[in-house]
């Protein structure tokens, strides 16, 4: 069996009396999309935060590429190859689309401590950033300020910035949210290709997308993983149906 | 041709009252005098602005004489540079010790007092009768100077010495210390609003030890704001509106007529400064610096303080009176009750090699 | 120092804290709850004091003077809000700083223009003039006890208004997202004018109450402004309880620091340097307190991120 | 309406133009004013790196301004009085040479900025404003009651310090020197703004989480910006002390810090030349209005108010087509 | 009776025009689906209706009144309830306070809203900042209900909600509509779910309303051309 790129063991996090994640373990293997689904407030974003370094877990370890990153901060984990997108867009709103992508490239190439050379004249960084923008199809608005983009366009830019980091694996929190039908379809096929570059831990409420993309699905309910399996196994799991799916997804 | 005077003083913001008094007194003294042309600028009580304005006076206005500064720290910023460039400076207020001793200058004339003067006189006057004294002043050079002046001449015991924060407005803690101490008398220097706050709070505290201080805390400009709480307090000054010397009553009347308020010691100092300047301008041409300096040195004018002359370091030799705060009808004001020091001059002159 | 004196100084510290809270109360509302940096708070404080002094001089009634301070400051607040502040809510903090800084200049100098450059007379009413004797034999100025009571009443009133009433909730919602609360049908502009006027009135009341035992003069508001900000920030922005605790801490630190430091240093150096160094450090103490609090609790004692 | 670049060039060249005209018509005080404007602009340009680009609203930059000033004052006064400065581990004769003074001013204020930054940058927003204010007040009260260098009275340095090849006593030459420093710093700041570092610190202002997720530490970015910013303001402090030949605790006062912020907002936040335009305008207003009446501060207040209310993006924003540089 | 009527509405963000001519109307008790690809002007249209943005041309009438005359809060009081894009809950306020801030008299009150979203009752005292994404979305919907509107505007109101919850919400809104005659404008991406609740649809393309008709008409050719499905 191949080594998992992401291996989390026994992560727990409580807010007061609430156990937001409760002894969660899961893995992400090369080349796969592992979807994490579950009802609202089940602890998915909390889990992603603990993996990305925004929240310190009460217990448990996070291993990236065989390295224990539990005690590292967000920035250092990003350097270890964690690329992520947010449930609510986190972008530099006054900057242009291209500048946001450039920022990713600057971070990835560790070239931030340069004070005198204009960043926009750095052909290497520019090429990286432009390539990422093109891949998500934002080249037409490359010079628009992010503040003037529509919601959907911002979601795409989130992904583009993550791409510039050339990460070893992706954490994506609801990348389809706010995308129209067409956009969702494009994003779906895009992620489908992307998994070959780096595996994706995907949190998503769009069941069409999840069942099309996922190689494995884990279901989180009230902080606990109640099931992990192939899409077919999950689809037919009666607990999952009552807790989460309802009758949306036909058997 | 006449004398061009540059006056830099504080005309805006919280400390403006003093500057306005000095200016008004000065203008009253030189009113109608065609020999004297006055340019006035507002220093906002900021040293760097005062320095700039001094440059302006010297470089652009090409004044011959400068005057007006109220605060020691602004004077320290402006005076040395101005006198070094050959200008005369007449101080209508503030007399930092540095400018009286080693830092004295032939073109610097202090027409008010050296900072320690009032408290030295108070120390002398209170010696013997006051018993143990509780001293209080803000923690800055002028505060320390003034307390040093008192301790220099006071022959008795100091019960305690407290330095407060500059600009402090609540004195509950200090008043509690006063109550608890075995002092018989309080001597304090708290200029402006600090003094008003302290006196009001002291009056409400029920502590009934007599208080005294230099005139700055009991001057006409602020007595109105303290009200009855100040009545009975003793203070030392070189002037008072009831001082019976030639010209004083006329000055008080003219000032009241012109500006609709009673003059303060600052107004009197401004007035004397104006008189001094006019006397020198009448005698000598300002372009002849030596002659003009000699004319200033003579101090040939009728000061509203009575006799007035300059010591070798160009600081005043003058009488300092003991005043008491009284109530005249509705008006709270000062009355002279005695002389605290005769022909007083400052002790720093020894270091001055003029 | 005797124990009794120490107790009295602790009392002094606490009462000075409550006085500080009273001075900061209007700012707590405007800055802490509405999220507006109002540097002109000190000017409103000054306006209250001047209005009170003018009315007290004219009528001789302290109660009328207090009422005048409320009315004058509230009226100034309404005018300022309508003319200036209302354009600043959706602006950067910095625009608010610059605009209210400009207001300080206008209000201070305007007051000086109206009332002259000399301090005004305002004294405590004669019934409260003397000291009363507290248990333990401490003589304490009666008027200060009144200030303590008013301060505590204002604290309680604000706490209820902000934390417990629907208007309080709506103000806080408006601070979080003005556009959204308007879209929910709340007339947030009118509400903000009202709250600003209330904050101004509190500042004015404090100016009159505290002005009676301090000096009523142009520029009296500026030190108050800084202290009020210190108090609110130590307590944590938006928390009335925090502001009260912050005020008490600042009051205690300031009072006891000034008294105890020179004494403490007296043990290790000669008396005169002990007093001068001790009081030098004492004057920095509340800022040290604020820095230390913020270093360990970056959002103040009771603030939330 | 002019393009912003044109405006910047005009604003930048206005200062030396005024100074040169002043020489021709023999109005040395105007040169002094221009020098004052240039130095205050320099201080605000320093602050602008932290404030405009990094979003760090420091109400304590007077600390660095004052430290620069006291570095000058202390070194020059020891040189003047031939009493060596005893630092405990070395004795130092003091100096009257500007380059050395500048270096010391820069180092001392950078060091102070490092320490203050390490502590203050744990906070954000209004708390940051207040903690920087707290440090400013500590320095202010300390210098007021510290008698060695004059306490509240300050300290006069009677003769301006020297710079190789320049007669600093001549107003226009001193102006030239100051202006050259300002020009150099503006160039540097322009480069920093467009550099990778500039991009990152700007993004950190808008969204710190974003910067972290690309593997950068917002804290470190801010600290570096704060240190550079403090160093520049410190240099301005040394120049200011030399202009006045005088130092005093007011250099540390919160009003001083506040004025720097006013310059920036007046000129236009987030603009390289904003502080320059703001400082020039402020000095000009102060100079012209103070003669109008005793109550001239009312007019100053009114002008400032009008600018904030109706000129979004400051004076540059109002005059150029671009409007607000950022919110 | 026509509740809301927009005619040839144009609007801009500064210099950038976003709406070039939008016509739409909603009858009392009707559910209108506002559709279109990303960035076509759906949210802008909603903002214009709620007076969060001023339109530069055209007319907006609601319940017989010209909305151009009204400020945002007056429009809301006239009966518009907004669930905005991106939730915009009041982050520092608790769940309960979020709801109370918006309350106006009517059938919907705190008890009824928390019955619809039991999760909100569980989190009653928690500040909205710390709610999960979906919980915030529930709160935004609940908050709009608390104003007891006549017309509710839901801009991507079910984004990020679990499928079961979405179903519950649509069912609940449908029930409310039958009971009280509440009209809805819904922006949502799931064509299937819209099909179940909406009566008719208006499709926007580059800031213009290009197609209006019954919901059943949004299929095949139409859906393909305008929505890319």
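A, B, C, D and E label the chains in the order they appear, each numbered from 1.
We take it that a residue touches a chain if its C-beta (ideal position, glycine included) is under 8 Å from a C-beta of that chain, and two chains touch if they have at least 3 such contacts.
Not measured: the values here are computed from a predicted model.
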Out of curiosity, which chains are bumping into both chain A and chain D? none
List every chain that touches both chain A and chain C. D, E
Once you count every C-beta pair in contact for both, which comes out on top, C-E or A-E? A-E
Whole-Å separation of chain centres (CA-atom averages), chain A against chain E: 29
Could you please state the distance in Å, as a whole number, between where the Cα atoms of chain B are centred and where those of chain D are centred? 36
Approximately how many whole Å separate the CA-defined centres of chain B and chain C? 34
Distance from the mean Cα position of chain B to that of chain A, given in whole angstrom: 74
Can you pull out the residues of chain A that are in contact with at least two other chains? none
Chain D: which residues touch two or more other chains? 141, 144-145, 147, 295-297, 327
Among all the chains shown, which pairs meet the touch rule set out at the top? A-D, A-E, B-C, B-D, C-D, C-E
Chain B - residues contacting chain C, complex: 12-17, 20, 139, 144, 161-167, 169-170, 172-174, 176-177, 179-180, 192-197, 200-201, 203-206, 221-222, 224-229, 261
Parts of chain A lying in touch with chain E, wherever the complex brings them together: 15, 38-42, 44-46, 87-88, 148-153, 174, 177-185, 205, 207, 243-249
Contacting residues of chain C [partner chain E, same complex]: 166, 169-170, 172-173, 175-177, 179-189, 238, 304
Can you list the residues on chain A that touch chain D in the complex? 52-54, 73-76, 78-79, 83-84, 86, 90-95, 99-100, 102-104, 106-108, 110-120, 122, 125, 161-162, 164-165
Residue numbers on chain E that touch chain C, as the complex places them: 50-52, 71-74, 76-77, 80-82, 84, 88, 90-93, 97-98, 100-104, 127, 143-144, 147
